[in-house]
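Listed next: structures, encoded as structure tokens.
Two complexes come next, and they have one chain in common, chain A, joined by chain B in the first and chain C in the second.
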Partner chain A sequence: MLKRMIRLEVHKALRNKLFYASIIVGCAITIIALIYNVGIYQDAFAMMNIADGNPEYEGFSLFNHWIGGEPFSLGTAIYFFVFPLLVAMPYGWSYCEEKQCGYVKEAVVRSGKKVYFLSKYIAIFLSGGLAMVIPLVFNFLTTAMFIPAVVPSPVYCTSTGVFFNSLMSMLYYSMPFLYVLFYLAIDFVFCGLIACFSYGVTCFVRNRAIAVILPLFFLLALHYSRQFLFTSYDISNREISPMYFLRPVSAWAQASWTVIIVETVVLFVITVFLSMIWERSHEIY
Partner chain B sequence: MKFIKYLLFDLKQGILRNKAMVFAPIVIAATAFLDFASKAHRLLLDGRIRESVSYGDYWFYLYGGMHKYTPSPGNGFRFPVVWIVVFLVIPFVLLNYPFKDLYGVGQQILVGSGRRTVWWLSKCCWNFLGTVMYHMLMQLTGLVLFLVFQMNVSNQIHMDFINLVFEVGHQEVWNRVALPLSVLLLPVLVSTAISMLEMTLSLFLKPMFSFFAVAVLFLASAYLLTPLLVGNYAMAFRYNWMLKEGVSINVGFGVSIGLLLVSALVGLVRFRYYDILESE
Partner chain C sequence: MVQIEINNVTKRIHKNLVLQDVTAVMHEGRIYGLQGVNGSGKTMLMRTIIGLIRPSEGNVSINGKIIGKDIEFPESIGFLLENPAFLGRYSGFDNLNMLAGIRKTATVEQVRDTIRLVGLDPGDKKKYRKYSLGMKQRLGIAAAIMEEPDIVILDEPTNALDESGIYLVKNILLRQKERGALVIISCHDIGILRELSDEIFKLDTGRIIEHICGESDA
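Up next is the complex of A and B:
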């Protein structure tokens, strides 16, 4: 029963208009970054040809010109700001709607509460993770069509934005494809949990727009808390805002495994508690 | 007469009974005050600013936004979180009510009265007044906190503090000492125009998409200093009164009033043909 229910929920999550809309909007935003970065690369390439000097191949690589590799283009700025909306939009709202139209009662009678809530959690997690990662992969592949995947060199760390104290910097300068893959995995898991946070919100709100938008404000609140923590430039801070640490290249402070793991675990516990324990213990009829 | 009745109903249901509308600006203003006051205190103790800050500085801290961003690998874009929160919360708070009303009790009223224009105009007034009240509440909260902590309540601003907090580098800024009335009013007017735009967009798109569009508009405005992006007129730091290459305040008033009226009119035309029986 669990398998069938998961298959049904995943099918509903990945075969709905809002999932496609989210992917299309996400890809459209990444194209803004693509156009900007290809322009930079071609200008730099033209300049190098004229100057007839060091071509600096390692300074202009795919790995620092795809959307996740640079922190300064408009496309990157928009994408890593609106991603909480993009990941909650596909299916984060579904429980809210199913509660209102009475579908939950029908589903629970047939499958049981545990199976229903678990399969919904898995489907929302997958939809959120995919909604984040697909546009990133799309951008990575399309950028690779224009900019060669030269292995970056630490000599050009000011161009790449990955320094000696950056997360997985050794991997970045030795096996950059693996570095990108690791970051995509982090983004997938974290954004899946953000979508599940939207699911948790639907336990309390009846409007699906609110359920989709609230995770953005949750992340903004977390982002704002940096103002109280990062009080001095002298202190070596670690990035606590997912809006920054989910980028493979740092916008300000460096990301750290401790922060990422702690926030992931906290988000997992909150979402599991809300959706699987809190809501399960409440009357649905 | 009917319009007044509609409006009073909307003000009561959509503003006075909307807890988020009342509490959100208070919480934001109080949190920003704590952040502002602790920063100012630290800078004063370090001797990096000469005198204590005033209410004008606090206002600027909320509505300043950010200076012109110059993209480069060593200068990653960092969005102005205080400004974004101040301006993005109100479109969120105002997003739900018109549709809740339309698909609830408002539908009965609308079908009964048969006057769509009055319903829409009442929602426009509610939207405008709600946005103004949100900003007033935010500023009043700040004012009360300033009085409670016996801080300097004046429209004076201190450029040494502003330069440090807004991380002003190579940008050329005018040396100002006080906030003029036009600077105080324009961000609120821009906010009302954007809230109206969002409400109108919601008639064409789903409410979550209209909010999405507004969020992108604010972020793009922070990224690009251009008179074409209306969000620039909501950032006091981006005015040519402060930043030498900034946007014009007068143009800002024109653009905001234009956007406000056009949004209301387009919404009116759209609402006349809107399927009110379609469920959300």
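Up next is the complex of A and C:
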């Protein structure tokens, strides 16, 4: 029963227009970053050829020119700002719709509440994670068509943005593909949970648009709370905003495992409580 | 053998008593009618039997298994409560096929046959949100009966239906009774209710005020 229900929910989550729209918008934003990065790579390389000097191959690599490898282009700024919308848009609102139209009654009586809420949680998690990661992978692959995947050298750490105290910096300078995979996994999990946060919100709100927008406001609150939290020296070393620490290179402070794990666990506990415990204990009208 | 026992069920929502000490026993192969004005507790009683809401006092049991204690929901039940409840972005067939896929108790062919039985076209690609009220109602009835459940609960099944639709519903209900299902219906048309029901429970302000035998029992 659980397998069948998960398959059904995943089918509904991944084969709907809003999932496709989210992927298309995400990929379109990453193309802005692609155009910029390929442009500066070609300009810089042309300049070096003219000067007939050190080409600095290791300073110009795929790993610091894809959307996750640089923190300054417009495409990167937009993508890592709107991603909470992109991950909640595919299916985070679905429970709201099913509750409103009464479909939840039909499904729950056939499957049981536990199976229904669990399968919905899994489907929303997957849709959110994929909506984040697919445009990033798309950008990585398209950038790789123009810029060689040279293993970066720590000598050029000012070009790469990954310093000795950065998260997984050893991995970045030794096995950069693995570093990218690790970051994609972190982004997948965290964004899956953000989509589930939207699902949790639908336990209280009746408006689908609010359910999709609220995770963005939640992350913005966390993002701007850095302004006053950074007055503490202990915190100033660590990036607490997901809008920054989900980027594989630091835009501000360094990402830390402690912050990532704590925020992931808090998000997991909140979303599981709201969707699997709180809502499950309620009657269905 | 299916038997529903409603034992002294009382339901309080905030301070309102929507069901008061309701007691009834229902058996398979019979049609039970719920009669009453709006707000008399018909739909709330149906929700309680389905297991969607929990009684504040008393209990409902199916074959001796108490809902909410021994079982979460009745094991074999089909229902149409108030308005048909489907996803607007899918066709009628897709909606029913997805629901049938949860328990796998109805095959794709059975789903198609049931849609045909209620007078709709299973090949119709039209999205559910574009259906007329009558078509939605027919699809709701199809969802309730497609898995041939032991218990069929239909709340106002003739709503939005034309004469041919009402005739169809009557036939469907009698067919459900013939195959041994326990059927519970509510209807504002007392004539239809009396024509179809073996027993009628008349409700008022959440209480059963009268228990009468219908014409079909005579």
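Keep in mind that, in the parts below, the second predicted complex is superposed on the first by the 280 of 285 C-alpha atoms of A that agree within 3 Å, B and C clash if a C-alpha of one lies under 4 Å from a C-alpha of the other, contacts with A are read in each partner's own complex, and residues count from 1 in each chain.
The definition used in the following text is that a residue touches a chain if its C-beta (ideal position, glycine included) is under 8 Å from a C-beta of that chain, and two chains touch if they have at least 3 such contacts.
No experiment lies behind these values; they were computed from the predicted model shown.
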| item | value |
| --- | --- |
| Touching partner for A:E98 - first (chain B), second (chain C), both, neither | second |
| Which superposed partner A:P71 touches (first chain B, second chain C, both, neither) | first |
| Which of chain B and chain C A:A28 touches, first, second, both or neither | neither |
| Which partner, chain B or chain C, touches more chain A residues | B |
| Partner chain in contact with A:V108 - chain B first, chain C second, else both or neither | second |
| Partner chain in contact with A:L220 - chain B first, chain C second, else both or neither | first |
| First, second, both or neither for A:A46, with chain B first and chain C second | neither |
| First (chain B), second (chain C), both or neither touched by A:S159 | first |
| Partner chain in contact with A:L178 - chain B first, chain C second, else both or neither | neither |
| Chain B and chain C footprints on chain A, overlapping residues | none |
| Chain B-touching residues of chain A, taken from the complex the two chains share | 25, 64, 70-74, 76-78, 81-82, 85, 89, 158-161, 207-210, 212-213, 216-217, 220, 223-224, 226-228, 231-232, 249-252 |
| Chain C-touching residues of chain A, taken from the complex the two chains share | 1, 4-5, 8, 12, 16-17, 97-98, 101-113, 283-285 |
| Residue ranges of chain C touching chain A (in the complex, touch as defined) | 47, 50-54, 72-74, 77, 79, 81-89, 98-99, 101-104, 143 |
| Footprint of chain A on chain B - complex, ascending | 31, 34-35, 38-39, 42, 71-79, 81-82, 84-85, 88-89, 92, 95-96, 100, 206-208, 211-212, 215-216, 219-220, 223-224, 280 |
